[in-house]
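Below you'll find a set of structures to go through.
Both of the next two complexes hold chain A, though its partner changes from chain B to chain C.
Up next is the complex of A and B:
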């Protein structure tokens, strides 16, 4: 009369109608598999999206002067870049870093002028933190020793009507408030697929930037790429604590990609919400199928339950039995679903999914080509756990209803 | 005789209907803005201005030479600091150019940049050329009348005309009855104060009373502002056409 007997009975009961049980299990398996795959796909695409975006503009992390991100003032600089190098080199999570300096300026060709963000980049280290070199469409990337050479966004180049070898006049404001002016020659044209970036940015060598904008050795940001997206919080904490031990803990700060690109984060959240709506619908459908199975079972088995009550089975035990039956089916379905989901996801994780036609849309986020779903403890567990929870509640109603049966009436039921 | 009286009365009545009294308040506001604008700029002027950009951590001073003519034309170039010597700006009508002697190029400032800060100061390109947008793109009304040093002060509310290509949602101008500007406030579309300009040290300069100091600051910041101090100011009836040309903008200055 122990628990094991109830479990055994439940297990036998569910196989008394194998076709119905298998169909129910299949529904659960399928939904579990779908949820595992979809969540893995979504998380994978976010990681692709984030990595694609950070390697165009912001990096995973940036060390900046406090307030620079909001105000973008030339005067808010990292004065002692040497000290920052020392700190960054000691943190194992950091894969690459590079310094940049930025100034909003007027950029003018023969007879056209546009406002653009002029960024000074280190030709060597920049390749470690951004894909700018791979994004070159014409001409070539900056090389060490280049001075008055510029890389121009494709849309800006089109607007200015310039091509490789043409001259651009740049007029901005230096760190000391003086007028920064120079003439640079277009060396390369890049296209990232992010219109805003391609329309309003040019890149010049960092050393030349420092000279023109009177930076006196200072830079505006140390752009950092870590080994994997998941290591960002850890690396951030380490940099923060290393900074707080230095003299400039008040003036410098560390920002992660979410703070640097709040729009990307919001986009992801929005996408997640619309995904959730789909998942909830899926789970509700599964829940109704479970509910249906159980209601059917109770109608069919009224006589059986009547007999059980008559020979002394308590209503509580009957409820327990029915819940065991439902849980047994659900668990079988869920484990099968997780297994199948992992297999399918793993296949695509290795091989990637070609996005084909929709890649134009995703190009806005800097995503190109293939997306690799990513299995994680979360993507495996969240969906199936939700199914488990919902099916439990779906089974609760019939399981409680059975307690209201009157043995004599139930035994004569068909 | 009675007949004659009636005729005269009718005549007076007719005259009164045909020619109503020219004293609507809106007209006064328009006239005040336009007249004070002309008073500030004169028909033409030549001046030397010290611009001070005050920030919590640093300060910067520039000496600027300026020529203005009418309501729209102006030319100014930086005399000192030596590093920036010879940088010039020409505004003609709605167009604006900047010249830099180091690269020896003239850049046309696109219209989208006219509301940007000039040389990192709190003045925008438009402010500095005392743009005539206030005259052409806004409708004015007198909101309040007060006093300042025994003189009447008019507070004029200026709202943008529908579809006018303007930056501000509202401007408020404080003008003394002798046409001297006391302050100018700039509001955004939500009618929230963004920045304001106040004038100080009203004194005789050349042929008229004129505020020596014009200070522009953001609404919520007291430790940062930009100040224009007139070192020398002379009003002229006209300046030659060739002052306000690109060729003159490029001309080397001493």
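Up next is the complex of A and C:
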């Protein structure tokens, strides 16, 4: 009598009461399906949020002067951009990079004045590291050779009451603290959906920025996009080790998106932790719901087990048999759950979920329109594995209880 | 009599009843408790939004909300003052403000801020600033040079109390007005963004700097009874000339908080339903078992002339008692855990993430009557509904077959 016989016996036993078994399997399927969907949903929206923020604002990585990220001081610059280009070109993971320079300035139209962050961008390379070009709503993107042209955020343009072709006066502080002033013409208006960005930023050509703000060839950041999110740590290590071989290893540093946007990272963690609490509670409710089935399966078969023990079945084998029974139900439920979960998730992965009235709210986090859940090996396995683990513990109690049966008493039980 | 019967039937199998009770207790507890925590999150978001310079109601000059520029100012505040005195209940507090976009700078830094000119005494009753001074002192009524800034801005500018800060903005004549203030105090807010955004001076100082005369930008009203805000807004709209002034409630001014609330309301019901479904499989299964092991008994009862309807009633009564027991225990547990957390759940470990999500750092669970009732009703009504299936099964046993069943 081998293992296969025990498995066969367990399988037949669970179908002695099909209604009960089906209900139990349904409970497990339901929780498995829900967890696959929810985790895919969460991971999918995180990825959308990260990608949106990365390609609108920070890039995956940035090389900056040490301290620039915290203090945003004009004089903390990357002096030798040529050397950085050499380093970045050596690293295979890097897909694109571009330099930027930034300065907070007063921007005025005919009769309005607002403070805004003026960013100098390289019209050609910028398209590789950000979606700014795709976000243009009116007018057109900067082209090489443009000088006193500016792209303006849609809300800022509305506040300043300017349109394409209008002039803006920009007044800021140069690298050495001197006054930087110029007049630029609005060439395009962009809208990212993130109000904070659209309300307080304008972009001008990097070369022109350097001239106006007296940058003497320097920039504030090298913005880097790597091939895939997962390659960020690797690329980061390579850049910092390349930097440490140069003369300016003390003055420059490389920051990843998590350091550049600590709020996004922690927001994701917070959401994950609160999600986990929900899921654990849910699984515990499911576990208690099905514990009864496992328990009944032995209580109503006391006589049967008494006979089995009497004819020489060891308690160990009985425990094993019962665990096979409950695990068979669990596994059927879990696979059905994974399958159903994948189908439901895949449907929404393709079609997206419309959150209706809250789409403007989600726009602030970079999620535009619909949310697309995303199936991954993690989102498929974590939830069902947790269900498996907890139901196993729920099954353990009745399976171990059966060992306490005394054959004679058990056989006379009703 | 049939209550007593049901009660005794339930305890015929103590272990089974206990297990299903535990499932119900954990399920209902998690419904009530988690929703209270989430509701607390939403409530603290609203409260924070209202106290961060919104108030329950705001009055602006028509056009200001679309274009918050100095042109769209209220030039005759006395008209509004009269209207407020006529309409508002005695318990309501209100204040006038000058509010403009400005640039703050010192020798090394500059940054965009919102400059607020406030009446120190009145403002303290309406918004957070009166209770949020963390060092230095609050503005005095006749302080023409003093400015209060957030701690985060103080850090960012690498400056300290007593130092100068230059504020630049556009004045009423479209000229750039610039004036040096002395930092007299700092404030701490729920969100770092608030600390970086707002700087406060006295209303007279702002009016003088911006050549506003007696004009103001906005009126903020805080009511003692938040629920009245819509009726009072209507009354104010009726009293004030419509072509000159706009009256807005907090939910119009903070559309994201409102959108979040709607999202949250939907979420509550999804969560209730999910937990209920998880529980219901156990409830149905247990009731089914309880019915099937009593086939002979039901057969006998029927043979003795019991009507099928009575059997259904009997089984449903058992389920009802079981659900009620679980719910009472779960509610008691939920009240206890909410009470235990009444000092708030501190999310400071996620401070940056909390800020990103627009929440506050400390969350106080809030159990509203509606959430509580809905949670319990869902469990009770749907719980009984799913038990109709096993009960109907019991009612349909044929006496002869059932009696022959072993």
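Quick note on the criterion: the second predicted complex is superposed on the first by the 346 of 414 C-alpha atoms of A that agree within 3 Å, B and C clash if a C-alpha of one lies under 4 Å from a C-alpha of the other, contacts with A are read in each partner's own complex, and residues count from 1 in each chain.
One rule holds for everything that comes next: contacts are C-beta pairs under 8 Å (C-beta built on N, C-alpha and C of every residue); 3 or more make two chains touch, one makes a residue touch a chain.
Everything quoted here is computed from the prediction, not taken from an experiment.
Taken together in the superposed arrangement on chain A, chain B and chain C clash.
By the touch criterion stated above, A:136 is placed in contact with neither chain B nor chain C.
When the two complexes are overlaid on their common chain A, residue A:111 makes contact with chain B and with chain C alike. When both complexes are overlaid on chain A, the residue A:266 reaches chain C alone and has no touch with chain B. By the touch criterion stated above, A:30 is placed in contact with chain C alone, chain B being left untouched.
In the overlay built on the shared chain, the residue A:178 is in contact with chain B alone; chain C does not reach it. Touch criterion not met for A:353: it reaches neither chain B nor chain C.
Within the superposed three-chain model, A:284 lies in touch with chain C and out of touch with chain B [touch as defined at top]. Greater residue coverage of chain A by touch, when chain B is weighed against chain C, goes to C. When both complexes are aligned on chain A, the segment of chain B among 40-48, 184-192 or 220-228 whose C-alpha atoms clash with chain C is 184-192.
Overlap of the chain B and chain C interfaces on chain A: residues 106, 108, 111, 113-115, 173, 177. Those residues of chain B lying in contact with chain A across their complex are 53, 55, 57-58, 60, 78, 81, 83-84, 87, 98, 100, 102-103, 105, 107-110, 112-113, 116, 119-120. On chain A, the positions that touch chain B within their shared complex are 74-75, 106, 108, 111, 113-115, 169, 171, 173, 176-179, 181-183. Here chain C touches chain A in the complex through residues 15-16, 19-20, 22-23, 26-27, 30, 34, 67-69, 71, 101-103, 105, 107-113, 156, 158, 168-170, 174, 176, 255-256, 259-260, 262-263, 271, 274-275, 277-279, 281-286, 288-289, 293, 347, 350-357, going by the rule given at the top.
Residues of chain A touching chain C in their complex: 19-20, 23-24, 26-27, 30-31, 34, 71-73, 104, 106, 108, 111-116, 158-159, 161, 172-173, 177, 200, 262-271, 273, 277-278, 281-282, 284-286, 288-293, 295-296, 299-300, 355, 357-358, 360-361, 364-365.
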